[in-house]
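Here it is: the structure, laid out below.
Labels for the chains are A, B, C and D, by order of writing; each one numbers its residues from 1.
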Amino acid sequence: MTDIITVTGVVGTDPKHHVTNGGLAITTFRLASTRRVFDREKATWEDGETNWYTVSAFRQLATNASLSIRKGERLIIRGRLRLRAWETGERSGTAVEIEADSIGHDLAWCVSTYAKVRPTRP
Amino acid sequence: MTDIITVTGVVGTDPKHHVTNGGLAITTFRLASTRRVFDREKATWEDGETNWYTVSAFRQLATNASLSIRKGERLIIRGRLRLRAWETGERSGTAVEIEADSIGHDLAWCVSTYAKVRPTRP
Amino acid sequence: MTDIITVTGVVGTDPKHHVTNGGLAITTFRLASTRRVFDREKATWEDGETNWYTVSAFRQLATNASLSIRKGERLIIRGRLRLRAWETGERSGTAVEIEADSIGHDLAWCVSTYAKVRPTRP
Amino acid sequence: MTDIITVTGVVGTDPKHHVTNGGLAITTFRLASTRRVFDREKATWEDGETNWYTVSAFRQLATNASLSIRKGERLIIRGRLRLRAWETGERSGTAVEIEADSIGHDLAWCVSTYAKVRPTRP
């Protein structure tokens, strides 16, 4: 059960969808999750720091996410956090990825319609 | 941060929506979350036990949830778990409630369209 | 991944430990998790509502929990939430249980010593 | 509630403890959380990938963690995930930090004793 996380945030890039030679559907996009901080002096909630994640979805979730999600929309996502060290020549870093097992449009910010088939999008 | 939970499941009742005299919008519905269990002999995933929750949403999330959610749809929900002892005459029990801070249609099971305004639903 | 929860709270009963005929070690106890609420007028944190859970542990975790935990101590617990309807004659209700996969003494409230063998407790 | 995570894992470095000029106690250490993966062919659980985190604790939790935790011990930790981009000359990367609000020795792997005062450690 370790390393499971739920985040809410804004989609930062249109989803990329592809299917591997083996037939596995994969969708990836970037998500920005911004912490809300209560400012005691002003007695208001303010935007705090932002965490950026790469979100990956597989199989049916990948297909549905690709059909449903656009840049700028607000989501709720649950999945497993994966931290991977990478190095390419003289640069190195840590890739921060959420392997999603569930994704939804966040109804705190929008209305959404549910369909078993592909919706007509303008 | 204690008692925060994320669940996925099926809406068991059409949402009830009302607005208090003070102007607070509230939406409630029942959600069934069924555990998936791996059967080693059959080497397949099977349905396990089901947890039933009463989900409550407030303010804008309540309004949007009421406009968007119907019985039978699959959701992802994050919120605070509240357990409340109740007693009415000779019966007593524990009410299990999630005060949602985020709700979305679960894209593992559907496609959804995102809109800032009320969608046209048949 | 659904229905996984992390709670912090106070142990309300000394743990009960037993071993089934089949050799499975089981430990159970009650835990009270009290929400902290920020009172804006007083500008202080106050105790809010309390959730009561029955916590169950199995196998090695059960044995270690039984040796380590006493009523009144503060814990952090992660596990799967299980809600079970029960009925005995004229009474019925919902049992709220956490099947723990990890338990620790909460260092926000105490110091603790770690040992691979049974500690000497007065 | 966003970006809250619970992890279990092994302490990779002895905790560093210091107190700022302003009197704030801070403790930091590294934690390795290794995913367990079920190998269907062998029908056994195997170690999968490892996530490395920098864990930070503040105030009383920092003091108690510093007194209680040693490299190699197993912990359960809950806190807020913080991802921070950094750059020093020609190198850049992402720092992955958990700001802990609760830490405990994981009783799935050890026994522990709870004390309100500093324990005697050899």
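Following the convention adopted for this analysis, a residue touches a chain if its C-beta (ideal position, glycine included) is under 8 Å from a C-beta of that chain, and two chains touch if they have at least 3 such contacts.
Here the structure is a predicted model, which is why all the values come from computation and not from measurement.
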Repeated interface matching B-C, over half of the contact pairs identical, chosen among A-D, B-D or C-D: A-D
Pair with more cross-chain C-beta pairs in contact, given A-B and A-C: A-B
Whole-Å separation of chain centres (CA-atom averages), chain A against chain B: 21
Centre-of-Cα separation between chain D and chain A, whole angstrom: 25
Whole-Å gap separating chain A and chain C, where each centre is the average of the chain's CA atoms: 33
Touching two or more other chains - residues of chain C: 1, 4, 6, 8, 78, 80, 101-102
Touching residues (chain side chain C, partner chain B) in the complex: 1-9, 33, 35, 49, 51-53, 80-84, 90-96
Complex interface listing, chain C residues touching chain D: 6, 8, 57, 60-61, 64-65, 67-70, 73, 75-76, 78, 101-119, 121
Touching residues on chain D, where the partner in the complex is chain B: 1, 4, 38, 40, 43, 78-80, 101-102
